[in-house]
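Below, subunit A partners subunit B and then partners subunit C, in two separate complexes.
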Partner chain A sequence: MHIAEGFLPPAHALGWTIAAAPFVVHGARAVTREVRENPESTLLLGAAGAFTFVLSAIKLPSVTGSSSHPTGTGVGAVLFRPPVMALLGTVVLLFQALLLAHGGITTLGANAFSMAIVGPWAGYGAYRLTRRCGGGLLGGVFAGMAVADLATYVTTSLQLALAFPDAQSGYLGAAVKFLGVFAITQVPLAIGEGLLGVLLFRVLTVNARPELERLGVLAPEPVAGAGSGAPSPASGTDGGEEDRG
Partner chain B sequence: MSLAIDDAAWASAWRLRSPADKLLLSVGLVVSALVLPVWPGTLLAGLSAVVLALGPARVPARTFGRAVRLPLTFIVVGALTAVVEVGSGGLGWAPDAAARAGALVGHGLAGSAAVLLLATTTPMSDLLPELRRLRVPAAVVEVASVVYRLLFVLLSSLTTIREAQTARMGYSTVRRSYRSSGVLAAAVLTRSWDRARRLTDGLAGRGMETGLRVLPEALPSSRPFLAATAAGLAALAAVTLVLS
Partner chain C sequence: MRRRHVATALLVLAVIALFAVPLLIDGGADYAGSDSEATALIQESDPGYHPWFSSVFTPSSKEVESGLFALQAALGGGVLGYALGRLKGRRTAERSRPERERLGVDAADPGPTSAGDEDP
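Take a look at the complex of A and B:
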């Protein structure tokens, strides 16, 4: 769920754009530096952005029988770090606004602040903390993805509360209302996204270990195995035919 | 695998108009929808976007109608939540609830229609080079272009794998659905890395050293279109000020 075009008053839309700008500019600088040093990382970063976009097309069954979509910000934060996600997330939000009618242009700043900045940073913090406390990779991924999802929706609720304070109970009452509608209902879905993360990383640790090591998610294995054939990350896993587009 | 809005953009009668011209018109309508009073300014801005899209730009009404409906759930739930009052006696409607909710829904729908006018007439590959003129760094525009080129390949992989999983009863229970979704996400992610690596190898073989420069299609700006945009937006503002 992103804030739709036209929904925020102009001053708020502008304010959130200014608030998100330093993070996005920082991300853009990081990406520019990376691309200058390794021109081939353009393609890897593009692949990461495309994956984040496509992840939102995966339906997650919820316990109540309905379904929802993962925000994908937690996976991105764990795999590619929050500064890069600030930029990639904003690019993905622009694509979602223009290809899926999801979000908007004037609300891009507000949506970037919740989904590309607060979500990834909160999720990454939870991931690092859980790993440092001995939670392991999967425990960290669960905490990171669930917290990133929830933090995104809590931020959106607070943005809406700031824009539309309650006539009687002010900002606090409005925050209670919007959190009740948009964030509390999200708790089971955040847990669902955490579970999806665990399942995703369980497969990745088997099929794409070299990539996880390269990204610094896993420490390199100390002892090299006997069979040193180049591992192929392009696993068909449970897949259908190979696409040849 | 394609996206309806993207298909409409490629097929639109305005496809060969300058992206900067269309951007100006769409942003003008978005700003009008946002800052003018709901009656009649926002309504007129939204209506103009719909008429221009379905009329001269020849966007299929079905595609446009479906796309406008997508943000509706958020707009309605958000507007209703905004006008419920939390008082000492529990929940109740704010005194001007209907008017405020109506205004929020109006701004939201008109704004969405104005953005869709741009989205359904301009493919992303025309729009992204325009970002360079807005001083977005070249590296960022290139990454965004790769996202656009890869996402359809990944969406098609996603659909194919999901079909195969469904045929194998992969989504028959909640437990299996989760397992299948996890495997699906992992397969799409590893495939995206594989694609990127193969593209890198291919480009390295052709001597890629300085980014992915391509010749942009020349889509010249039209003075009559710009004049009509300026006149239309000015008329919109004038009518709104007179009527309100």
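Take a look at the complex of A and C:
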């Protein structure tokens, strides 16, 4: 989904930068607030950022005969809500623009808009919707991760269509063309990313239960937590709960 | 617990299969990056367009580039592993604490107050 350096006309580059900037600033505030108010979530925040960092470095082959990379922005969006990912995703894009000649400074705004803003929000929406429909935590995580990935590439396709409408078929034709390159290639990757998200959350539900409960991702345990409010006999019953994942 | 391990193994296998199968089906494809395919598409549909800015730094060869990508993945993987390891270690410590407290009571030690409350 990286639009290459210089490959958006100046007006578009500027427009997307202006559109993305407030989200990134708001995201930076969200990250500092989270770290200041809940220092114990720093570890999980680091994990979410690191997940994006790894996944966006790996290019994977797809059934279309081309390769592409996942985005990994869904984890942070589900755990800490999407604004946090606006900053973390942009940091990843900046790293790749400066060191890898992937994406660019002039296209950073557009790329941040697709990967760090639209992706996380779309994924978060899919996660909430799935959970409301009774999909459970892992079902929600799968949907959230996959949709965050796919929505990023759909956004990139539309951004390119807007900048380079087809001579004959106009914006719509260009959109179909770019979606053909990006979106279809991305489908298996989105599914794979959803499965990786499920794997990660299976680990987190066991090892980071207090954080997940505080973040509202998991409901507090009804068995032990209710009633007497005793210090910590809960940890004994935890073992039985693991299978629920 | 065993069912849980089987589920984990199946998930890992599914992820691997998802990316191995395309490679097995048609080994003839070149698997170019979709990013560069889009760039080619732009140049094809609008030959008059010239990029107006070029990267501040471009890795001098494919090898350097893939090395930097590996560095990015290593940084991310390292931090992720560190975070998950810390969380896992914390949980292991939490789980072993009640046992130690119970042992303390058995040894006719006054023991920590919380363990004493727990018994009756």
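Assume the second predicted complex is superposed on the first by the 182 of 245 C-alpha atoms of A that agree within 3 Å, B and C clash if a C-alpha of one lies under 4 Å from a C-alpha of the other, contacts with A are read in each partner's own complex, and residues count from 1 in each chain.
By our rule, a contact is a pair of C-beta atoms (placed from the backbone, for glycine too) under 8 Å apart; a residue touches a chain by one contact, two chains touch by 3 or more.
Just so you know, these numbers come straight off a predicted model, no measurement behind them.
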**Prompt:** For A:191, is the partner it touches subunit B (first), subunit C (second), both, or none of the two (neither)?
**Reply:** second
**Message:** On the A-aligned overlay, A:167 touches which partner chain: subunit B = first, subunit C = second, or both, or neither?
**Reply:** both
**Prompt:** Where does A:129 make contact in the superposed view: on subunit B (first), on subunit C (second), on both, or on neither?
**Reply:** neither
**Request:** Could you tell me if A:68 is touching subunit B, subunit C, both of them or neither one (first, second, both, neither)?
**Result:** second
**Message:** Quick one: is A:60 in contact with subunit B, with subunit C, with both, or with neither? Answer first, second, both or neither.
**Reply:** both
**Asked** Given the touch rule stated above, what does A:87 touch, subunit B (first), subunit C (second), both, or neither?
**Response** first
**Message:** On the A-aligned overlay, A:215 touches which partner chain: subunit B = first, subunit C = second, or both, or neither?
**Reply:** neither
**Message:** For A:32 in the superposed arrangement: first (subunit B), second (subunit C), both or neither?
**Reply:** first
**Asked** In the superposed arrangement, which partner chain does A:96 touch: subunit B (first), subunit C (second), both, or neither?
**Response** second
**Item:** Shared subunit A surface residues [contacts with subunit B and with subunit C]
**Value:** 1-7, 10, 43-44, 46-47, 49-51, 53-55, 57-61, 63, 95, 97-102, 104-106, 160, 164, 166-167, 174, 177-178, 181-182, 192, 195-196, 198-199, 202-204, 207-208, 233, 235-236, 238, 243, 245
**Item:** Residue ranges of subunit C touching subunit A (in the complex, touch as defined)
**Value:** 1, 3-4, 7-8, 11-12, 14-15, 18-19, 21-23, 25-26, 29-39, 41-42, 45-46, 49, 51-59, 65, 68-70, 72-73, 75-80, 82-84, 86-88, 90-91, 94-95, 97-98, 114, 117-118
**Contact footprint of subunit A on subunit B as seen in their complex** = 3, 5-6, 27, 30-31, 33-35, 42, 67-68, 70-71, 74-75, 77-78, 81-82, 84-88, 94-95, 104, 107-112, 114-116, 118-119, 124, 127, 136-137, 139-140, 142-151, 153-158, 160-161, 163-165, 168, 170-171, 174, 177-197, 199-200, 203-204, 208-212
**Prompt:** Where on subunit A is subunit C touching in the complex?
**Reply:** 1-7, 9-10, 43-44, 46-47, 49-63, 65-68, 95-102, 104-106, 153, 156, 160, 164, 166-167, 174, 177-178, 181-182, 185-186, 188, 191-192, 195-196, 198-199, 202-204, 206-208, 230-233, 235-236, 238, 242-243, 245
**subunit A to subunit B touching residues, read off their complex** = 1-7, 10, 13, 28-29, 31-32, 34-36, 39-40, 42-51, 53-55, 57-61, 63, 70, 75, 87-88, 91-92, 94-95, 97-106, 160, 164, 166-169, 173-174, 176-178, 181-182, 192, 195-196, 198-200, 202-204, 207-208, 211, 233-241, 243, 245
